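All chains are identified by letter, namely A, B, C and D, in their written order; residue positions are counted from 1 within each chain.
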Amino acid sequence: MAWTREDMARRAAQELRDGFYVNLGIGIPTLVANFIPEGINVTLQSENGMLGMGPFPTEDEIDPDLINAGKQTITELDSTSYFSSADSFGMIRGGHIALSILGAMQVAENGDLANWMIPGKMVKGMGGAMDLVAGVKKVVVIMDHNARDGSAKFLKECTLPLTGVGVVDMIISDVGVFTIDDNGATLTELAQGVTVDEARQRTEANFKVAEDL
Amino acid sequence: MKKPYPEATSALEGVLFDGMTIMAGGFGLCGIPENLITALRDSGTQNITAISNNAGIDDFGLGLLLQTRQIKKMVSSYVGENKEFERQYLAKELELEFNPQGTLAERIRAGGAGIPGFYTKTGVGTLIAEGKEHKDFNGETYILETGLIADVSLVKAWKGDKEGNLIFRKTARNFNPMMATAGKITIAEVEELVETGELDPDQIHTPGIFVQRIIQSKDLEKRIEHRTTRKQGE
Amino acid sequence: MAWTREDMARRAAQELRDGFYVNLGIGIPTLVANFIPEGINVTLQSENGMLGMGPFPTEDEIDPDLINAGKQTITELDSTSYFSSADSFGMIRGGHIALSILGAMQVAENGDLANWMIPGKMVKGMGGAMDLVAGVKKVVVIMDHNARDGSAKFLKECTLPLTGVGVVDMIISDVGVFTIDDNGATLTELAQGVTVDEARQRTEANFKVAEDL
Amino acid sequence: MKKPYPEATSALEGVLFDGMTIMAGGFGLCGIPENLITALRDSGTQNITAISNNAGIDDFGLGLLLQTRQIKKMVSSYVGENKEFERQYLAKELELEFNPQGTLAERIRAGGAGIPGFYTKTGVGTLIAEGKEHKDFNGETYILETGLIADVSLVKAWKGDKEGNLIFRKTARNFNPMMATAGKITIAEVEELVETGELDPDQIHTPGIFVQRIIQSKDLEKRIEHRTTRKQGE
C-alpha cells in the first residue's frame, strides 16, 4: 500500500523547520499546510504578493482583493504583509524563501524539472514556476511516481521542455522519498508496502539506495 | 494639468492608436482595471500588444478584448483560464510570448526605472533562454532580459488622490505598481478618488508622478475566479 | 550689469511648465523655488526619497526624519509622497522627471558637464548628480560664467572629469542664456548690460548667436 | 526563531567578524541605525567594508567607526561631511569606492533581488564607466553594474513588529528598505517595537522575511546636519 496524497503531504511537511518561509505550489503541495508539525512556525508566501497566508475564508470573510497564486480566495494573518509582484519575485529570486514544494510532470536524476509544458498540447504558461525553482534554496517535488499510463516520471533525462536545470533537491512520491545532490539520486525512504525492487521497476532514473533500507 | 477625468471613455481619449502596446494590471481577475478595459474594448482600437500577467477569462478582464479580436499579441506568464484565448492561439490568430512571472514583473519594473537589461537565472537551460545572451557571474550562468515599456498602462488601485498618488489593497496590488511606472501614459482607476492630502504620504505605493490620468471606478464587479471557503469553525 | 544669482534663478524659473516634476540641485538652483511663476504648479523631487517638497520648516516644525538631498530640514505638502532611494532613482533614471537644474564647474560646447571632482583635491563624491544628468529629460545649468580667477567655465572641452556626456541642454549664467543641442551651442539671451562681444571674450566654447540679439 | 533582541549589543552577537562587509542605512544622518553603529564600534570588529551612502560626520554615524579605524573601505556616493574621513583617505589609510547614488541604490536592490548585473546609462563616458562592460540597447550605450550584498545589514525603521515587518517614516526611509533585502543577516532597530498584528499589512515597507533580528532603539539622538528654517509667517 503506497502513500496517498495525504501521506505525501504529511511527509513533505517534515521538511519544514521553525521560522521557514515557504512557497507551496498548486495541488498536493497546498495540502502540506494541513500537516505543519506542532511547535513549528512557518510563514507561507504567495507569489502574487503576500507573506503570511492564512486559511481559506468562511463565506463571510471572502474578499475578492485577497487571493493566492492559485487564484483561490484566502485570508490574512496577524503577520501578513502585501507587496508588488516585482518585490515578491525579488524575494524569490534573491534566495530569501527557504523551501518550495511543487508538482512535476517529470524529474531527471540530475534534478532537472519539467512541469509546465507538453508540446503539441495547449500551453498554459509557466507562471512563477521557473522563478521559484531558480531562486528558492530547496525545491521539493511531490508527484505521483508514475503517469496514468504507468510510464516513469522519474527519468534519466526529461523528455518534456524544462522548467529548470538541476533544481530539484527531493522527490516525494507514492513510492517514497528520493534526494538529489551533486552525487546523483538516492532512495532514502520507502512508502509502507513498497520494496526497493518495486521502486526500481517503476523508475527509469538511476538511483542509489540508502544503507538503512 | 488636471489629472482626474469623469470616466473611463474620456480618460482614454487621445492616447489610443492601432498597433499600440498596452499594459494592464491584475493577477487573474484580482486588481484589474475593469472600467478601463471595457472602455478600451468600446474604443475599437485594433492590433493591440497586451502585456498582462494573465489574459482574463472568456467574458471578463482582457477576455473582453479577445472576444472582439482587438489583441494581436499577448505577453503573459499564464493564460490557462481562457478558452477563447486557446482557440485563437491554436488557430494562429493570436501571438503569444510567455515570460516567467518574476521575469515579467522585473522587466516591467526595469522599463519604468530606466534599466534596459538585467541578468537573471530564471529560465537558464529552458526554452526561455533560447537566443538570449548568457553571462557568468561568480561561476553561475544567467541570461539577459530586457526592460519593457508601454504606450499606455492601465492600472487599478484602491484609493487615489487628484495628484495621482495611489494606494493598493491586499493582493490586488500585484503588477499594478510596476506597470504604473512603465507606461508612457498611465491611467489609473480607483475605488475611491479623494482630495489631495487625504492619503498618508508614507503609505502611498505609487507616487503621482507616474499617473497622468485618474478616474473613479463605476459599477465594479470584482469577480472571483475560485471561490474557495472553509466552514465556519474549521 | 550682469545677472545676479537671483536673476539667474528667476530666469531658470521660466523653464518651468505647469505640471512639471522638477529636481533642483544644491546652491543657486535651490533659489529657483522662490521664483515659480504665478499659475504654474510644479512638484519638487528630492532624490533622497520625496516628491512634493515644501518650504523650510519653522522652528516648531523641524523634523529630523524630513530632510532634502542637501541634508537641510524641510517640510511636506498635501501632495507629498515618500519612497526609497531605489524607487527615487528609478524615477530619475526612468525619465520621469521633466527638468533638473544644477550647478557646474565646467560645461563643454557639446553639453558635457563636469561638476563633481577636481583631481588632486579631496573628492567628496558625485552623490546623485550623474544619475540626474543621465536620466532627467532636460538639464539646465546655472553657474557663474567664469571661475574666480576669471578663466572660462564654458569650454570647447571640459578639462575636469565628467559628470555626464552631452547632457546639458541650457546654461544660465551671469552673462545670459545658452542653449545646446545637436547643432551646438547658441547664445539666445544676454543679461542686461552684457554685449555679445563680452560674452565671446568670457567664453572659450564656440557658440552661435541667436538672430534677435 | 525569536527575532526580538533586548538591545544592540546582543543583537550583533555571533554575526560579526573581521574583514566583513556591512551595509548601514541612512542618508546623511537621517534614518541611520544609531544603536547598532555604536554597538558595532564597541564590538571592535576590524577591517570592515562599509556600504553606506555617506560616511557620517566626525563624531556621529559611521564617523564613529572611522575614529576607531575599524573601516577598511567605504562604498558611498558622497562623503563630504567628514574631516576624519578626508584625513584617512588622503593618508591612504582608507579605501574608497564612489558609486553614483542611484547606481548604489540599484546595486543594493539588485543584490537583494537576485539580479547579479544590470545596465544603466548613469556614468557612461565618465570615470565610473572605466573598465566596465558597455552595451548598446536601442542605439544608446549603457554600462554594466553588479549587484551588492552584505554579510550584515544594519537598518533603522520607525515601527517594527516581532515578525520583523518594518515601516519607515518620511525621508528616513532612503536606503534602508533595499539594504534590508541585501543582507545575509539583517538587523533592524526601530523606534517602536509593536506586537505582530498592530501594523497594517498594506503599509508594511519591509516584510519580515528580510529581517532576522530586531531591537527597539534606546536614547536616539537623531542629530540634524543642516538645521534650516524659515521665520513663522514667511
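Note that a residue touches a chain if its C-beta (ideal position, glycine included) is under 8 Å from a C-beta of that chain, and two chains touch if they have at least 3 such contacts.
This is a predicted model, so every value here is computed, not measured.
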{"item": "Shared interface partners, meaning chains that touch chain C and chain D", "value": "B"}
{"item": "Shared interface partners, meaning chains that touch chain A and chain B", "value": "D"}
{"item": "Identity of the chain that, by mean CA position, is farthest from chain B", "value": "C"}
{"item": "Cα-centroid distance, chain B relative to chain C, in whole angstrom", "value": "36"}
{"item": "Interchain centroid distance [CA atoms averaged], chain A/chain C, Å", "value": "55"}
{"item": "Rounded Å distance between chain B and chain D, as computed from the means of their C-alpha atoms", "value": "32"}
{"item": "Overlap residues in chain B, where contacts from two or more other chains coincide", "value": "106, 109, 113-115, 120-121, 168-170, 173, 201-202"}
{"item": "Set of chain C residues in contact with two or more other chains", "value": "76, 82-83, 89-90, 92-93, 135"}
{"item": "Category of the chain touch graph - line, ring, star, complete, other", "value": "other"}
{"item": "Chain pairs that touch, as defined at the top of this document", "value": "A-B, A-D, B-C, B-D, C-D"}
{"item": "Chain D residues touching chain C - in the complex, by the definition given at the top", "value": "27-31, 53, 76-81, 86, 89-90, 98, 100-106, 108-109, 120-128, 158, 168-178, 205, 222-232, 234"}
{"item": "Residue ranges of chain D in contact with chain A within the complex", "value": "1, 109, 111-115, 161, 163, 165, 181, 196-197, 201-202, 204, 207-210"}
{"item": "Chain D-touching residues of chain C, taken from the complex the two chains share", "value": "46-50, 55-60, 62-68, 70-74, 76, 82-86, 88-90, 92-93, 112, 117, 122-131, 134-135, 161-165"}
{"item": "For the chain D and chain B complex, residues of the former touching the latter", "value": "106, 110, 113-121, 135, 137-138, 140, 142, 146, 167-170, 173, 201-203"}
{"item": "Footprint of chain B on chain C - complex, ascending", "value": "18-19, 21, 41, 43, 45, 51-52, 76, 78-83, 89-97, 135"}
